[in-house]
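Heads up: the structure comes next, in C-alpha cells.
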Amino acid sequence: MIMYILILSLILVLGIFTLASKDLLHSVIALSAISMLSALLFTILRAPDVAITEAAVGAGVSTVIFVWAIRHTQRRDKEES
Amino acid sequence: MSIDTLFLAPIYLPLLAASLILAAKAFAGETVRKAFELLGFLIGLVLPAFALFALRGAVWDHQSVETVIGAWETSLGIHYHFDGLSYLLIALHLLVSIPVWLYSRHAGPKQNTFSVVFFVQCAAVAATSLTADLFNLFVCLEVMGITSYVLVASSEKDSSALASFNYLIFSATAMVFFLLGAFGLYRITGSLSYEAIAEAKNNLGGNDLVLAQLSLVLIVISTLLRSAVFPLHGWLVGAHSKAPHAVSALLSGVLIKIPLFALIRLLLLVVGSQRIGFTMAWAGGISSVVGILLALFEHQAKRLLAYSSISQIGYVVCTYGLAVKTGIETEKGALLLGIALLYGFCHALSKSLLFLTVGTTTDVLGTKDLNKARGAIAALRQRGERIPLTFICFIIATLSMTAMPPTIGFMGKNTLLYLAKDHASVHLLSITSALTIVAYSKLALMFLPSKKALAVDESCVVSKTMKLSYALLALMILAGGFFYERIQRFLVHILSPLSEAKGGYIAYYAYQDLGKTLVTVGLAFICIVLTRTAWVRKLTRPLSSKEVGFADLFFGYALAIGFMAANLLW
Amino acid sequence: MIIERILIFLLFLIGFSAIVAMRNIIKKIFGLNLMNAAVVLLFILEGSRIGSQAPILDDGIIHMVDPIPQALMLTAIVIGVCVSALSLALAVRLYQATGSLDIDVITKRLADEH
Amino acid sequence: MKALTHSKIILTILILGLAILPVILSDAPWPVQARDYLFGNAKADTGADNTVSAIYLGYRAMDTLGETLVLLVSITGTMSILINLGRHKMDEEAVKFSLEPEKLPRHSLRTNLIEVVASKLGPIVLLFGFYVMLYGHISPGGGFQGGVILASGIVFLALGTELKTKLTNTIVLSRIESLSFLFLMLASISGVFFESGFFGNPVKTVQNLSPNFIILLNIIIGLKVGTSIAVMCIAMMGGSHDH
C-alpha cells in the first residue's frame, strides 16, 4: 500500500516538474521517468502486459518523438508577448 | 452470404481497399497506384453500396441483427447492432463520399496517402454507426478523429495545421474524459456492451446511480463535441474552413452527424433520457441561431459555410432532442427521429455540394473575400466551363439550403418545422430560416458580373470528374425533392420500432405552407436591405468573428458538462 | 485507498489545467499525456483490487486480477501515444511556419494568412 | 479581457474537477463476473494462456484493429509532415544523425561508443522482439509490444552499422509494412468465407484448442507495428528523405 502511494506521489511530483520546467528537454526526461515509474507500478499491480507496453511505447517511442519535436523547435519555454 | 457478414461489408471492404492502395504505393510506380486507387474506389465505396442495396429488404422488414464480432458466445465480445438507423447512417455516408471521392481525384488533396486515410475514415464511420459497445465506440471515435485531423492538415496552408491542432487537442482531451466515463460505467455495471449496461443501470440507486449518471454525462458530452452543438461548436469553423474542399464537404456534410445518431443507442437505454432530450432540444435551437448570426457577419466564403453548418446541425439536434424527449419507442418520437435524420440527409447533400462549388469558385477567383470576389461565371468560363454547371449546382444547393422548392431541403425543413411546432424552441428555428436566406444571398454575390478585369487563377481547371460529382449531388437534391414523400415513408418506416402501417405517415405536404415560405423570403429581403445600409454595417462591425482560444473552447465544454450533470442529478 | 485516488485525481487535474492554461503548445501535449497516464493508472489500480495474481492461466492460479481493464488500457496507451505523435508533428509544422511555440503568437501570425 | 480569460479557466477547471471527482473517488466494488468467466473459459475459447492476449486478440480483436488503424493513420500524417519539412529546408542538425557515412562529420553525435553498442545490441534486441511477439499467447507481451521492440532493434542497427543493410532500408521496411497490413485485413476477412464471421477464427472448427489464430495475428501486427515505427524513427533521425 505504502509502495503505491510512494510511486504515485513521485509520479505527481514529476508531473508538476514536467509542466513547471522551463527547459522542455528536462520535461521530456521527466515524462519518460513517469512512464518508467508507471511501468514499475503496473508490474507490482500484476499487469505485466501493460507494463511492457508502457515501457516500450510510453518511455520508448513517445520519448523519441518528443525529443525529435524539441530538436526541430526550441528547447526553452519562453513567454512572448 | 448471410446477412450478418453482409452488413459488416461497409467496414471491411474500405479497409481492404486501403490496404491494397498502400501495398500498391509501396511496391509499384505511379500508374499502377492510380489503377489501384480506382480499384479501391470500386471495392471500398461501390461494393458497399451494392451491399446496402442487397440489405434493403431486410431493413424494411425490421430485421435487426445483433452480432458479436468474432462469433464469441459471451457478452465479453464486441457487439455490433444492425438496424434501420445504422443502415441509414452508412447510406448517408456513401451518398456523399462517392461524389466527394470523384471530386478529390482532380481537385482534392494531392498527397498519395489521401486515399488510404479516406478509406480508413469510411470504415470508421460505418463502425461507429454499427457498434453497440462502449469501448469500441471510443476506438471508433478516435479513428474517425485522427483521420479528420490528418485530412484537415493535408491542406498546403499552414493555418490548416493550426486548425487541425486546435481540433486535435480539444477532442483528444474530451476523449480522455470519455475514457473516464467508460471507467465509471464499467465499474458500476461490470460490462461494456450497451444492453448489459442498461440492464444493470435500471437496478441502481443512491450513490451508484449518481456515479453512473455522471459517467454517462461525460460520455454523451464528449461524443456531442464531434457534432459541434452549442456550446461545443468552437473548433468547427477553423477545421472545416481551412481543410481542402473535398475534406470540408465530407466533414461538414457527414462526419458531424454520425456521432450524434450513433449516440441514440446509448441514450435509449438510459434512465432520465427525457431530460437529456429536453436540454438537447434547446441546445439545438440556440446553436442554430448562434451559428447563423456568426455566419451573417462573416465575409470569407468557406467560413460562412462552416458557421452555417453549426446552424443547420442545430435543426437536427433540436428535432433529435425532441425525439429523445418524447421517447423513441412512441410513434411521435420515431417520427421526429426520422425527420431529424432526413434533415441530416438534406443538409449533407446541400452542404457538401456548396463546399465543392464554392471552393472551386474561390480557387478560380483567387480570393475568398466575399466583398471582393465577383464575376465568377465569366471566370469559370475562362477555365473551360462552357455551360455554367458550377453556378447551376450552386443555385440548386442554395435553394435546398434556404428551403425553397422544389428541392429536398424545402420539403425537409418545412416538415421539420411543422412537426416541432409544439415546442418553444421552434421559434428559434423559424428565425434562423429567414436569416439563412440573408447569409446565402451574400454568397450568391460572387456570381454577379464584375466591373473590374478578372484575375483568374490559371492553375485551376474544372475537370470532368468534378462536374460529374456536382451533377450527382445536384441530381440527388432534386430527386429528393420530387420523391420526398416516398423517401420519408421509407425512412420513418425502417426507423420505427413499431410494426408496419402505423409508423411513418403524417398528413403533411410541404407545398401547403408555400405562403409561409413567401413570408420568410419577404422578411429575409428586408434584412438584406437593412444589412446593405451603412449604419447597420457600422453597428455590426465588431461582431465579425475571430478565432476562439482554448479557454473559450474548454469553457464551453465545462458548461455543457456542468449543465447536463445538474439537469440529470436534480 | 483514498489517498491513491486523490493522487491520481490531482495528476489528471494538473494535466488538464496545463492544456487549458499553458500557452506553450508542447506543454499542452505534455498535459494530454499526463491525463492519459492518470486514467491508465486508475483503471489498472482499481482493476487489480479483486485479485493477487497476474492474469496468466498457469497452474496454481486461483485468484487473478481482472484482465479486462488491462486489455482496454493496452489500446488506450497506444492510441494516446499516436495522438500525441501527430500533435507533435503538427506542433513542429506550426513552429516552422511561425517561429514560435506560443499558441497566442501562432494564432496571431497565422490570422493574416487566409 | 485577461481577467475574464483567467476566470473562465478557473471556472472550467473547477466544474470539470467537480464532475470527475465522484467518478475517480468512487468506492463501489469492482465487478468480478468478467474475471470469473475468463478464469473458467478463456483457455477453452481461445487457446491462449494469457487472458489479456485472449481479450486483446480474441474477444475484443476489433478494438485492436482500430488501434492499428490509429497507428497507421497517425504515422501516415506524421510522415507527410516530415517530408514537407525536409522539402522546406535541409535541417542542419538532422544531418549530424544522417545514416550515410560519407556525410558524417568527425565531431558528430555518432561516437564509437554508440556504434559499437548499437550494432552489437541490435540483433539481440531483434531476437528479443521476436520472442515477445511469438510468445504473446503464453507469457506477457504480444504483437504490439514485440513490434515496438523490433522497431528499436531496427533503429539500433540503423544507428550502429555503416553498411546499408536491407533491414534499415526504408523502402524495404515500408514494403513489409504494407504487406503485413494487407495480410491483417485478409486474415480478418477470411472468417467471412469460413462461416465464423468477420474477425472470426477461420480454423476454429478444425482445432478447437489451438491459439494459432492469435499467434498469426501477433506476428502480423508485430511486423506491421515494428516496421512502421522503425520507418518513422529513421525518418525522424534524418535517415531518408526519399521515402
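Think of it as A, B, C and D in the order they're written, each chain with its own count starting at 1.
In the analysis below, a contact is a pair of C-beta atoms (placed from the backbone, for glycine too) under 8 Å apart; a residue touches a chain by one contact, two chains touch by 3 or more.
All of these numbers come straight from a predicted model, not from anything done at the bench.
Visitor: So which one's got more C-beta contacts, B-D or A-D?
Guide: Per the contact counts, B-D leads.
Visitor: Need the CA-centroid distance for the pair chain B / chain D, whole Å please.
Guide: 32
Visitor: Quick one: report the Å distance separating chain A from chain D, using the average Cα coordinate of each chain.
Guide: Computed value for the inter-centroid distance: 19 Å.
Visitor: What's the distance between the Cα centroids of chain A and chain B, rounded to whole Å?
Guide: The answer is 38 Å.
Visitor: From the mean C-alpha coordinate of chain C to that of chain D, what's the distance rounded to whole Å?
Guide: 17
Visitor: Mind pulling the residue numbers of chain B that touch at least two other chains?
Guide: 76, 135, 139, 142, 146, 149-150, 153, 161, 180, 183, 186-187, 549, 551, 554, in rising order.
Visitor: Going by the touch rule set out above, which residues of chain C reach two or more other chains?
Guide: 1, 8, 12, 16, 20-21, 42, 46-47, 51, 54-56, 64-65, 68, 70-72, 74-75, 78-79, 82-83, 85-86, 88-93, 96
Visitor: Which positions in chain A touch two or more other chains at once?
Guide: Counting only residues that touch two or more other chains, chain A contributes 48-49, 53, 57, 61, 65, 68, 72.
Visitor: For this structure, enumerate the chain pairs that meet the touch criterion.
Guide: Result of the pairwise touch check is A-C, A-D, B-C, B-D, C-D.
Visitor: Can you name the residues of chain C that touch chain D in the complex?
Guide: 1-2, 5-6, 8-9, 12-13, 16-17, 20-21, 42, 46-47, 49-51, 54-58, 61, 64-68, 70-72, 74-75, 78-79, 82-83, 85-86, 88-90, 92-93, 96
Visitor: Under the touch definition given earlier, write down the residues of chain C that touch chain B in their complex.
Guide: The touching residues are 12, 16, 19-21, 25, 28-29, 32, 35-36, 39, 42-43, 46, 68-69, 72, 75-76, 79, 82-83, 86-87, 90-91, 93-94, 97-98, 103-104, 106-107, 110-111, 113-114.
Visitor: Under the stated contact criterion, what part of chain D meets chain C in this complex?
Guide: 9, 12-13, 16-17, 20-21, 24-25, 27, 30-32, 34-35, 38-39, 42-43, 49-52, 54-56, 60, 63-64, 66-67, 70-71, 73-75, 77-78, 81-82, 84-85, 88, 138-140, 144, 232
Visitor: Looking at the complex, which residues from chain A come into contact with chain C?
Guide: Residue list for chain A touching chain C: 1, 4-5, 8-9, 11-12, 15-16, 18-19, 24, 27, 31, 34-35, 38, 41-42, 45-50, 53-54, 57-58, 61-62, 65-66, 68-70, 72-74, 77, 79-80.
Visitor: For chain A, which residues are in contact with chain D within the complex?
Guide: 48-49, 51-53, 56-57, 60-61, 64-65, 68, 71-72
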